Amino acid sequence: VRGGAEETTTGILRLKAMERDGALRFPMVAVNDAYCKYLFDNRYGTGQSVFDGINRTTNLVVAGKTVVVSGYGWCGKGVAMRAKGLGANVVVTEVDAIRAVEAYMDGFAVMPMLEAAKIGDIFITVTGNRDVIRGEHYAVMKDGALLANAGHFDVEVNKPDLEALSVSKRTVRKNIEEFRLKDGRRLYLLAEGRLVNLAAGDGHPAEIMDMTFALQAMALKYVNEAHESIGRRVVNVPYEIDEQVARLKLESLGAAIDRLSDDQKRYLESWQEH
Amino acid sequence: VRGGAEETTTGILRLKAMERDGALRFPMVAVNDAYCKYLFDNRYGTGQSVFDGINRTTNLVVAGKTVVVSGYGWCGKGVAMRAKGLGANVVVTEVDAIRAVEAYMDGFAVMPMLEAAKIGDIFITVTGNRDVIRGEHYAVMKDGALLANAGHFDVEVNKPDLEALSVSKRTVRKNIEEFRLKDGRRLYLLAEGRLVNLAAGDGHPAEIMDMTFALQAMALKYVNEAHESIGRRVVNVPYEIDEQVARLKLESLGAAIDRLSDDQKRYLESWQEH
Amino acid sequence: VRGGAEETTTGILRLKAMERDGALRFPMVAVNDAYCKYLFDNRYGTGQSVFDGINRTTNLVVAGKTVVVSGYGWCGKGVAMRAKGLGANVVVTEVDAIRAVEAYMDGFAVMPMLEAAKIGDIFITVTGNRDVIRGEHYAVMKDGALLANAGHFDVEVNKPDLEALSVSKRTVRKNIEEFRLKDGRRLYLLAEGRLVNLAAGDGHPAEIMDMTFALQAMALKYVNEAHESIGRRVVNVPYEIDEQVARLKLESLGAAIDRLSDDQKRYLESWQEH
Amino acid sequence: VRGGAEETTTGILRLKAMERDGALRFPMVAVNDAYCKYLFDNRYGTGQSVFDGINRTTNLVVAGKTVVVSGYGWCGKGVAMRAKGLGANVVVTEVDAIRAVEAYMDGFAVMPMLEAAKIGDIFITVTGNRDVIRGEHYAVMKDGALLANAGHFDVEVNKPDLEALSVSKRTVRKNIEEFRLKDGRRLYLLAEGRLVNLAAGDGHPAEIMDMTFALQAMALKYVNEAHESIGRRVVNVPYEIDEQVARLKLESLGAAIDRLSDDQKRYLESWQEH
């Protein structure tokens, strides 16, 4: 093995932890951190596919629902954007202050999960962390609330807590488990808390994956050539590759753009001209 | 002078050029590149204030108009977002392929200026460059097109080209100059091509400037303390400052957010746990 | 038979034609024309379910695509709104001038189908008429264009014309037929041109149908009681029923609203007080 | 006087009350109820101009603010739509159940004013009624809330109640009066509670008024010719006039639309063909 490429936010967090601990054995390219990955796949791919998964599973209308999105990273931005686009009233929960202000200025309600838990109709976790929704939150949710995860593993929605609070559980429709709580309220877990767009849908649209896969292919070519100079590190996709993928995509879309003239290039680089 | 802080995209481009040329005499903090600056001031500040300026000047309705936004940086994103929010049909022109794909996926038409020039009702340049709209574009514009700049100086919309093509010019309303071309078409230049939100409006809302000014104040405190270790370079605002400004902003908005538990922090940093 | 109730726009057009021709044998209530039907079922139901059907069938991303919506009635408004919400660039075609101006002011491009045919990626007919997309349009479409109908029968997209222009056809995925034209271009017909939300999806969400079915039930109760006085006519749902359904819906959603005070009622009804 | 034409919702309510009371002396045409009026002027005109007025007066950012819109008629729909388009979190209050469900499905929070009063940053009344915001609401508002009216007279926001609760008042900026309540909270009344788009802005954009004025002119021509047959009643604008204004508008916008073929017309009118 000369090196590899990793395309998830969560995977890169882990790889960087390995690098810090000296546990990384070969260079890894952080494909997720390329513009042509996270700006597109995470936002437009996750955003659309999460609702494809939820809608075909539940056959409920999104318009008018209060959708709670946990995490306002690129995936969360995509999910919140599409929830709004489908007519939902969107609430965002965050642990990062900068992202929280961003969600706020994007017109979403921002509050701690303990508040959001009381008003949400559909909950979607997109954090890459665990226990984002847990016992204390189930305790205050409305009867009929839907729980879905689009972040990473099935630990974002804490299932042991949910089971502990429940007196019974049954599958009411494919990929929908009903948990009946002691006080009679019913909470519905989609796709066992696994990634709802994968487990209950078709995953990201093929088209949006084309950019990611182009990056992957070119990142492997790059790591194959440069693995010695890179060393046992997690490195970014070189900007030239990123830019090349975008150009190819535009071409495939039939969209042309402008080019800087020499005068304009010079102008951007100069500091003497006003 | 121990150092300074610069808050515009264009200014930082110039400072970096000076740094490259060895012309920088003291450390400069790139306030514009702080999250709490460009994510907010550039997008929500410019986005809203540009239309405040245009609308009060023209008293035209934006809904239904084809608005051409040149440049899809953070300011351009804000202008395009608000144009859409006001009911416009938005076209984006770009020279950067990645941004162009982003605009495309955001649902905007993407094309070269020469194509956009033929269909636009309102043109807004937000590039930081010169000659973005020039002779060849005026030649194909519709009668009545409006030209506005929200990027930097009055060089984005090329005025000498416009004058050269015109047989007469007159001020038809405060901040609106009508250029009558040889073939009878009329093009309207707002605020002499200067920043339309400043020259024809009140500039950014005070509220959105609060974050920028907080960053400025804290950047100056930082450069005062660290100027020796920084040297004659352009440096970023330390993340801690960025994060602190966001926390203060949230507090002032009365919005609370979640905090990571120790378990969650550990989980994010570990690579051994599943 | 004492009477009946009809819930589609197209059905009511037919019933009114029957009434005009003296062919109607008993009273019919035009449930489609009740506010609680067309404002909701047609817009939010059709809007969402059309894309549920298309997305699960094609697994393509909607963001960035040019979606051509034919017909800007309540169904078409819903489809256009959701297309925009999913990030599409939306074009509307119409035969009614008032609706066309409305689409225009809503920020959509408005043009004849012959122009739209050249630029559309996805075509969705929602007109209740026939031959909306036909030979002359296929002749200019882009390779790969998708054709879907969400209006009424499988006559909105003219299939005989499509077959006549094609040299071969094959099913490339469930509910997607590829028509290869003589010049090599491929057009894809979804669900055989039948209602794409029903034939390739689950139809309208159950929730949105609740209002329609409540209207149906109460319309039948009404026609049962009033059939003699109504006669052989197509009549509207009485406003009281409409309003009652809305109140019940709000209650079920847990949403309270204000009530007019006696002073306010008096104020609205008076013309002497200023 | 042979007749007249009235273009406001509120005016027509009054005229109909006069008609009921036998106080109407000549025929009046309800221009407001023409499609080309309320679909456009009320929505796009009021929607945009209200924020033009508020923004130039306050110089505050709308993004992130909780905007409470009272009344979800055509004007209210326009104001809510633009508030959302400017990045606000929108709350709607209503007295009509059907409109309330509509606002709910459009993704807005719906609640009684007494609840909305606690969370709103900007209040905009668009009801045509009086005392929409009154003492009990001021009692629970947040410090700094802004009060604006875009409905009809300066009675929607109850000023005597506001004065009674205040210990002092002063003009803090042109068209902004600060009322200091006994507990120290400050409420800001814009433009003395008069129509904020007229009193603190330029009113509706000229362009959007063109349709309304065309209707007015043609309604007067109509009433001049038909006043005898109409009698002392409030009548609608004939559909032909409405449609003609829309066609002229489309033409002036350079937008072409499709025409029904004879086959299509026949198809729409027939009930025997499938």
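Going in written order, the chains are labelled A, B, C and D, and every chain counts its residues from 1.
Following the convention adopted for this analysis, a contact is a pair of C-beta atoms (placed from the backbone, for glycine too) under 8 Å apart; a residue touches a chain by one contact, two chains touch by 3 or more.
From a predicted model like this one, the values you see are computed outputs, not experimental measurements.
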Pair joined by the larger number of C-beta contacts - A-D, C-D: C-D
Chain located farthest away, centre of chain B as origin (C-alpha): C
Cα-centroid distance, chain A relative to chain C, in whole angstrom: 33
Averaged-CA centre spacing for the pair chain D and chain A, given as whole angstrom: 40
Chain C and chain D, separation of their C-alpha mean positions in angstrom: 27
For chain B, residues that touch 2 or more chains besides their own: 44, 61, 63-64, 84, 87, 104-105, 253
Residue numbers on chain D that touch chain A, as the complex places them: 61, 63-64, 84, 87-89, 104-109
Residue ranges of chain C touching chain D (in the complex, touch as defined): 13-15, 17-18, 21, 23, 35-36, 39-40, 43-44, 93-98, 100-102, 104-105, 110-113, 115, 128-131, 153, 155, 211, 242-243, 246-247, 249-250, 253, 255-261, 263-264, 267-271, 274
Of chain D, residues touching chain B in the complex: 44-45, 47-48, 52, 55-56, 59-64, 81-82, 84-87, 201-202, 204-208, 253
